[in-house]
Amino acid sequence: MNPASERLRETPTAPPPRTSIWLAVAGFGAVIAAQVYSILTSPAEGDMGHLQKIMYVHVPAAWMTFLSFFVVLVFSLRYLWKRRENDDLIAASAAEVGAIFNGLTLMLGMIWGRPAWGVWWVWDARLTSTLVLFLIFAGYLSLRALVDDAQQRARWCAAVGVIGALNVPIVYMSVKWWRTLHQPPSSPATLDPAYTMGLRLNAIALLVLMIYFIRKRYEIARLEREVENMAEAAAMGGR
Amino acid sequence: MLRPQLRPMLNGELDKAIDLSGLGKRFGIRWVLRGVSLEVGRGEAVGLLGPNGSGKSTILRILGTLLNPSAGTGSVNGLDIVRDASGVREQVGYLAHTPGLYDDLTARENLRFAADMLGLPYTAVEGSLERVGLAHVASDRVRGFSAGMQRRLALARLILRSPRVLLLDEPYSNLDAGGIELMNSIILGLVQSGGAALVVLHELAPAKSVLGRTLTLAEGRIEATS
Amino acid sequence: MAWRDDWRRVRAIARKDVTTELRAKAGFNSVASLAVTILILLGLALGPDAEALRNAAVGAVWLATLFSGVLAFNRSFQVELESGALEPLLQYPGPRWPIFAGKLLGNLLFLTLMVAIVVAAGIVLFGIRIPDTWPSLLGVFALGIVGLVVLGTFYASMTSRSRAREVLLPLLLFPMLVPVLLAATTASKALLGADLMHESGAWIRLLAAYDLVFLVATFIAFEHVIEA
Amino acid sequence: MAWRDDWRRVRAIARKDVTTELRAKAGFNSVASLAVTILILLGLALGPDAEALRNAAVGAVWLATLFSGVLAFNRSFQVELESGALEPLLQYPGPRWPIFAGKLLGNLLFLTLMVAIVVAAGIVLFGIRIPDTWPSLLGVFALGIVGLVVLGTFYASMTSRSRAREVLLPLLLFPMLVPVLLAATTASKALLGADLMHESGAWIRLLAAYDLVFLVATFIAFEHVIEA
Amino acid sequence: MLRPQLRPMLNGELDKAIDLSGLGKRFGIRWVLRGVSLEVGRGEAVGLLGPNGSGKSTILRILGTLLNPSAGTGSVNGLDIVRDASGVREQVGYLAHTPGLYDDLTARENLRFAADMLGLPYTAVEGSLERVGLAHVASDRVRGFSAGMQRRLALARLILRSPRVLLLDEPYSNLDAGGIELMNSIILGLVQSGGAALVVLHELAPAKSVLGRTLTLAEGRIEATS
């Protein structure tokens, strides 16, 4: 029934990846550099003043959210197809990291919204869909936490991950219509070219950081499995 | 994590009803089965003993494709229990600790549901109700059944279609003298027709007449054999 | 031949679920009356003035359906788990999709009836008046129910096997159902406002797409999910 | 002496419930985030325009609390039933009221935390601004929670023993909680509208009376209810 | 509801640990017990046999104050099982088909909870864990326990406080040889100290050494006595 079930019990034989410290250095370094650059170069924005600089984290964070959830989709599919445990672990790591970026986007957005719009929250399409996205993957994570059997957890979460990801565009569209059918969305102003460069740099920096986080999280997961495999060796060895 | 010596040998396997080699199972990081190898030939009923918590039920559940092994391989009538899970399901009949019946359905409805799922005619139902001696309560809800009555009904469902390999987990518990006789006659009938049975039990007495040999499980391996 | 067997399985499961629902004292009746109760609570909480209520009406109806529907989905698998009946179910030879299809069918019947009742109650309580566009309104509800049931049944097949099903299911399900909720409510509002068709038309198309996508996706995914 | 024993029983039960809630990972976190999810659903269903939302805010907060609270109550007894642990519990010598008191305590802790989170979310999402009358607002919430927990725990002690608990409990509970809901929402609205104290004062007195009556009543009734 | 001849005789009852007279129980309109009268003296362990569904568990549940009789009366150490239910609860220890443990608590926590409810010191807990041979898994969650391990833990809870009267429903099921010995030693210890036990079982073998006499239940009445 299940494709390639033979590999289903196979635990990775290759040693777990060693995420080099340099990746971390590069990530954080790039972030700092990008921040410094963009803060120095960007003019104080008209009505928001220097507050606008939140954007340099807020927006890239949002992009990274989408990206990491795309990773979840890809690797969940791959797990269902190949049934390799690694794919499940990567998907899980990406989901956690994505959730964090998602939360960051929300937080910064709200912190920004308070002075910018005078309220913490508006039921704007982009905001709402971001929030729903967050909920979807909060569900994904609590499901992970709740299932004990490793293979069952892997299969269930892969399914939930795929189906959740499928839903993201539908959610976005529906919320958009929901708004526009009533009044023009009070969504964030689209960008003034003066900021795009800084934004790009920060995006790249956060991208490196994201890759580092996911790899690190994956490495930890793999090490946990290693412990179990050693236990297996001990158990099965004495024969 | 299969090590070479754990791989199955797929040749000359066809005279074996059940064949486990190097079976390992862990829950979390705790290894409950540490390389169990056992064979049950056609026309043989084998008893499986062992202290509480030694992993007997776990073996049956793996053979019943309800659990996946963590290591090693197993096959039923030559079908791999992981790759051909659905094929194995056609062969085995698994009787668990818990009867697993629908409390709000009557005895008859429970069996008719099973018949539907198995693609069998309803006539088979009445027969097996007779056989387990529940015909007189056939249209009572299961909720009110006593422990033993529920075991009997589970047994009736088991023999609805005649499985070639029976996996029985403490089949005699809750059964009265009549029930024990019934159980034995079923096992004997199967064995004589070239089927096989693996019977988990603690008290040998009731099964004396039917078991060819018994294995004993301890520390996650087969220890004694008699 | 094989198809006939599978179809027999589907019917068997649907029938069993319906039977047990009707037998179990707190079956359909209770869920339905709970839905109405929730509707009333919403009415009370959203304050007395009639104007606000009429605007909230449609949303309230759908929320009531959602909140009580979740219970129905869980129950449909809970039946299997009480006294470990799921294991025997998984032991039957043959494909697993009939199990899903059967549950789906059962829940569909169940929910359709329930929605009918809730809507009736909503009409009475919130003084909604039925527009001439009621056929397309029916369509909206039908599509909404399908979306609800498909995802609900699918997630229930997992959550009901985990501890804390009654919490986990809504937690996973509700965010997924946001499009259904929005589409259904907005489309219904539009139609009730005797609005121009094309306005709700977009929503109806969205719902249809949603249903189609997830119907296919869940049927594929179920085989993987149901495995022991 | 006897009192010390009973108090030990109360603590033991409360501790056990909290422990299991924390262990079963879908305990507090999930229930709390479910509450927030429900809050958002309400926001979505009640349409985007900010004015309507601000009016609905208080009601939404209380509804979210209600709907997710029910789950908590059921869980607290479900623990007993999962593996027939209720019978041994009833087998212990001595009075039965400590069982009720223990459950009550556990649920009270649980719900207070949850409400705190829901309110915070409500403030952010619905743009509620905190009035100077917040102390009496706190009072309203405290009284509301007590009323909710007392009746919820009591009914759960009955319903959780029937199969369809997740349906039966809200079905019995919600109608009983109508006064709490009305009093809590109206009083809160009054206070948020920075209204004259005496307006909400009446409601607060009502809540207090309600809590007192049912606290006494349930403690008396429990002995009879819990019997096999 | 009580027919005259079913009324209890309240004199000279104090040397009896268990005394049922004319006990009747119906579920719906079906009478499962139709006038069961039995006595168990101090220092006596009595076996109760009978076919499946004959009402054995029902008798124990009535004695354990979990069910109310529909007719007749019963007393434990002279305390009426209906009027002095709470008094009876102090006396009896009832071991049911199902262990009734908290799956998310560890073995130790389960017993400590019991100790809290009984007002006993925690030191008692370790002792009875030792006694039933679960000390090595004392801090594992019960969820993962095997059938027999759960029975053992239920037994440990039973002997935490030493009840004067034991009501055991098929106490040997799921238990391995060691477990059976343990169970017997507990029953013996009780009867030697002047307590009493009523033991429901199907297979006499494991209990041979401890049971004074056995009663057989059929058609809702006590039939044979040996």
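Read from first to last, the chains carry the letters A, B, C, D and E; within each, the first residue is number 1.
We adopt the following convention: contacts are C-beta pairs under 8 Å (C-beta built on N, C-alpha and C of every residue); 3 or more make two chains touch, one makes a residue touch a chain.
Note that this is a predicted model, so its numbers are computed, not measured.
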item	value
Shared interface partners, meaning chains that touch subunit C and subunit D	A
Relative to subunit C, chain with the most remote C-alpha centre	E
Where subunit A and subunit D are represented by their mean Cα positions, the distance between them in whole Å	35
Cα-centroid distance, subunit A relative to subunit C, in whole angstrom	30
Subunit C and subunit E, separation of their C-alpha mean positions in angstrom	47
In subunit C, residues with contacts to at least two other chains	24, 82, 162-164, 168, 171, 174-175, 178, 182, 228
Sites on subunit A at which at least two other chains make contact	1-2, 132, 135, 138, 142, 146, 178
Residue numbers of subunit E (touch at least two other chains)	104
Residue ranges of subunit B touching subunit E (in the complex, touch as defined)	27, 49-53, 57, 97, 137, 144-149, 151-152, 170, 172-180, 202-203, 205-206
Contact set on subunit B toward subunit C in their complex	64-68, 86, 89-90, 94, 96, 98-105, 109, 113-114, 116-119, 141, 157
Of subunit C, residues touching subunit B in the complex	5, 8-9, 11-12, 16, 19-20, 23-24, 79, 82-95, 228
Contact footprint of subunit C on subunit D as seen in their complex	24, 26-27, 30-31, 33-34, 37-38, 41-42, 44-47, 52, 55-56, 59-60, 62-63, 66-67, 71, 74-75, 162-164, 166-168, 170-171, 174-175, 178, 181-182, 185, 189
Subunit D partner contacts - residues on subunit A that touch it in the complex	110, 119-123, 128, 131-132, 135, 138, 142, 145-146, 178-179, 182-183
